[in-house]
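One structure is given below, encoded as structure tokens.
Each chain carries a letter (A, B, C and D) given by its place in the written order, and its residues are counted from 1.
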Amino acid sequence: MTENLGLAFDATLAMLLVWASAQATSRDLFRAVVMFIVLGLLASLAWLRLGAPDLAMTEAAVGAGLTGVLLLDTLGRLRWKRQKRGGPQ
Amino acid sequence: MSTPAFAAALVPALVWIPLSLGALSFVLGRAASPWLVLPGLLATAGVVPALLPLAAPGGIAAYHLGGWMPPLGIAWRLDGLSAIMLAITAIVSAGVGIFASSMMNRMDRQSEWFWPLLLLLIAGLNALFLTRDLFNAYVTLEIVSLAAVALVTITGTSAPIVAGMRYLLAALAGSLSYLLAVALLYARYGTLDFDLLATVMQDDPIGMLALALATAGLFIKSALFPLHVWLPPAHGSAPAPVSAMLSALVVKAGFYLLLRLWFEVFAALDSLAAARVLIGLCGAGAVVWGSMLALCQQRLKPLLAYSTVAQLGYLLLLFPLAEVVSAWQGTLILVCAHGTAKAAMFLAAGIILRAYGHDRIIAIGGAARGVPLTTFALGLAGVSLIGLPPSGGFAAKWLLLVAAFESGRWWWSFVPLGGGLLAAGYVFIILARAFEAPSADTGDFAQVPRVAELAALALALVSFMLGFAGNAVAIGLDSAIAEMTRS
Amino acid sequence: MTRGAADILVSLLATALAAGLVWSAVHLPAAPGLAGLVERNLEASGVESAVTAVLLNFRAYDTLLEIGVLLLAVIGALSLHPGEELSPAATEALSSGPEPSPMLMWFVPYMVPVAFVIAGYLWWAGSTIPGGAFQGGTVLGAALVLLLLSGRKFSIRPEAVATRLWLSGGLLFFLAAGAVPMVTGDAVLQWSEEWSGITIVLIEAGLTLSIGGCLAALVVGVPAHPPERALRGRRP
Amino acid sequence: MTGHSLIYAIAGALMVGIGLRALFLQAHLLTKIIAANVTASGTFLVLVGVAPFNGGAHPDPVPQAMVLTGIVISVSITAYALALLRRLYDVTGATDLPEERRK
């Protein structure tokens, strides 16, 4: 029973990972960045399931956290400057 | 360790010195470059001759980092092939270092970043040429790629930034492809060591997929035709000493790892004959395509960059001819001859750029009179690039021709012959212009440090003289080649 | 080649690669792996956590080079800092971008000390249970980013020698410690059995600090102006 | 627990395909950088997912160490790539490469 539950969880998580990957590489930039952060959190869960707590910690802090902040900041700056360039001087 | 303790103790210096000096020169900033960096760089280069005895026949040195034997630990080995790559790295980086320190204003913003990046690049190259571990090779490749891209973008102007971005994305795709191969091989065999893998390698689809992935990744990293498109803009727009390092050494790093994989790790696989021919055809394509585009260029540095694409093609001829010893000799001499010649030519291009403010080929008339040593260096290196006797390029191409006939597949000889003609074309374009009288749009002449000219000339001389030393080098290499062609 | 053809070709190649990888994953025969070998040598490694033993003893050289990559990225990012002539979007401080939210401002004073404690704990715990320099370093980096985000009186000044020593200190100490065994004729990075535990803990301390600093420096970039100026009057 | 690692290896393989496709086909550089990261995550899942395990309670620590190294390398390169993207935008006003520009 627990075995089956685990299998179902793993299969769902795997599907979510693939889905989030597809979303993270779509053309809508904001959604892509947000979904990349979600992907980091999902991957962190996957590492736990794979018996790798070291990787889970690092993935959550780096993959979702720092990379996410970096991507959001870059996106914000690109948009902010575009508005400034496009707008009246 | 079965080697003289003194020499073995020097091996880590090849990585430790440039790595720590790279970090230190970052800490100390501009103040450090004159007295710390260049001596350190030359010291690193100076270690190599002391190590050569280790690479001599019978003296193949294994070094176990951390004292752990593979498969648990990581091993280094210094054999003939490593020794050649380390030697050419030492020679070119010494020349580039001397050139850059004489040309670069110490107060330039760039100089603050150039030296740490250059030293870390050298550390990465040396580390790659020593390692016997698949995953460790991945880490060294990342050092080399990241340092190379950062050096390309160092001026911060638009052309190199765009070129650097393209280079970085290509390098990323390449390393991930390589890393997938590492994952498959570790999963299949449970070890990352070249030698252990070679003994257990099976001819199965998983191994084939791994080899294909690694090869594709390294083709991108080394800009081997047809995955070369990122190279010309990057090498053409980077500062001259950077282009010299890139064309002479960085693109050879991926090629070196290809040799290790195809002729050591996967050497026992018989089913690769057709793939080897395919790689040879890629080489032929590179020679034709790169040379043709080189002929079309208006500026000196892009011309040299396309010439690099072409010259890398000759190296791939080794794959279909590898069972012949002279193919190995020719390829290894070509690695050295092209490395030194191309570095010399990029440095010369940098001098012309400094002297005249541009590198438009049509307007470099008077260079022969204004910067005669530089023009002489261009000529000498050009002779080696074409492959005229008695240059190193000649020795290399001659050996490749011999290999083609010895193997009975004489048609491969068209590649070096035709490529030589095309190279003669583009080298002649440069030299003919340089010997013309100065024209109205040549521009004002600015003085160039003599030391910089001498550095370029010295590298060109090495490339030229390799033809005389060629035989000695080839004989010295026999053990390495025997090692690689054993199976 | 037209764009449509390129699309199809790339999609086909990507699909083929994914299919090949799936096939390989399914058909891989079981290989022995190195888990057993690591376990047998764990006692000699000086730490109890297998992952830490691999990272800082058996394959410490990988880790050494990897810190080199991190430092390289920092140097590369700093080198992109424009002079006075250009607008500084490439590297200006994160904190000079959008205004920090009140929520964040409330959160940070509680969060940062906790994060520092966690970072310290992870470093210390790494030798026995999951955790270590990377995990500690990344948490430290995240804490520093939070601190910078909130616009407290804290900034990373990359032109200062002290900052640079902080960012590259982990690598330099690792290199120095790695060279020490050569004195007795051992290989580099060959920790003597009695000292290996303490050596690894010390190296991890240096790495934790440097990794945290490097990650924070990469995220916040170089302040184009002193952060105080950029932030003055923004605080609610 | 590790018995299900194959599921994650398959997910990783699909992520690699998705990531590589986007890396080559998407024009916006930010998407390309994210795509490279997705590919890297997929590669890491493959690395640990297919890693050999000898049936014991302990998963093989060597692939985990490799992935830890890989994650740090990947965040380093990403951070540098984003700095480069900002600089590129600063200098040229573009967020894509000239040859991939869609009109």
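Operating definition for what follows: contacts are C-beta pairs under 8 Å (C-beta built on N, C-alpha and C of every residue); 3 or more make two chains touch, one makes a residue touch a chain.
The shown structure was predicted, so the numbers you read here are calculated from the model rather than taken from an experiment.
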Which of A-C and B-D has more C-beta contact pairs: B-D
Gap in Å, rounded to a whole number, between the CA centres of chain D and chain B: 28
Chain A and chain C, separation of their C-alpha mean positions in angstrom: 19
Whole-Å separation of chain centres (CA-atom averages), chain C against chain D: 17
Chain centre separation (chain B, chain C; CA means) in Å: 30
Of all residues in chain A, the ones touching two or more other chains: 54, 58, 62, 66, 70, 77, 81
Per-residue overlap in chain D, given as positions that touch at least 2 other chains: 10, 14, 16, 18, 20-21, 24, 33, 46, 49-52, 59, 62, 64, 66, 68-69, 71-73, 75-77, 79-80, 84-87, 89, 91
Multi-chain contact sites of chain C, meaning residues that touch two or more partners: 17, 21, 24, 28, 31-34, 38, 51, 59, 62, 66, 69, 72-73, 76, 80, 82, 86, 89, 134, 215, 218-219
Pairwise chain contacts under the document criterion: A-C, A-D, B-C, B-D, C-D
Touching residues on chain D, where the partner in the complex is chain A: 1-2, 4-5, 7-8, 10-11, 14-15, 18-19, 21-22, 26, 28, 30-31, 33-35, 37-38, 41-42, 44-45, 48-49, 59, 64, 67-68, 71-72, 75, 78-79, 82, 85-86, 89, 93, 95
Parts of chain A lying in touch with chain C, wherever the complex brings them together: 53-54, 57-58, 61-62, 65-66, 69-70, 73, 76-77, 80-81
Sites on chain A touched by chain D in the complex: 6-7, 10-11, 13-15, 17-18, 21-22, 24-27, 29, 32-33, 36, 39-40, 43, 46-47, 49-52, 54-55, 58-59, 62-63, 66-67, 70-71, 74-75, 77-78, 81, 85
Touching residues on chain D, where the partner in the complex is chain B: 16, 20, 23-24, 29, 32-33, 36, 39-40, 43, 46-47, 50-52, 62-63, 66, 69-70, 73, 76-77, 80-81, 84-85, 87-88, 91-92, 97-98
Parts of chain D lying in touch with chain C, wherever the complex brings them together: 6, 9-10, 12-14, 16-18, 20-21, 24-25, 46, 49-54, 56, 58-62, 64-66, 68-69, 71-73, 75-77, 79-80, 83-84, 86-87, 89-91
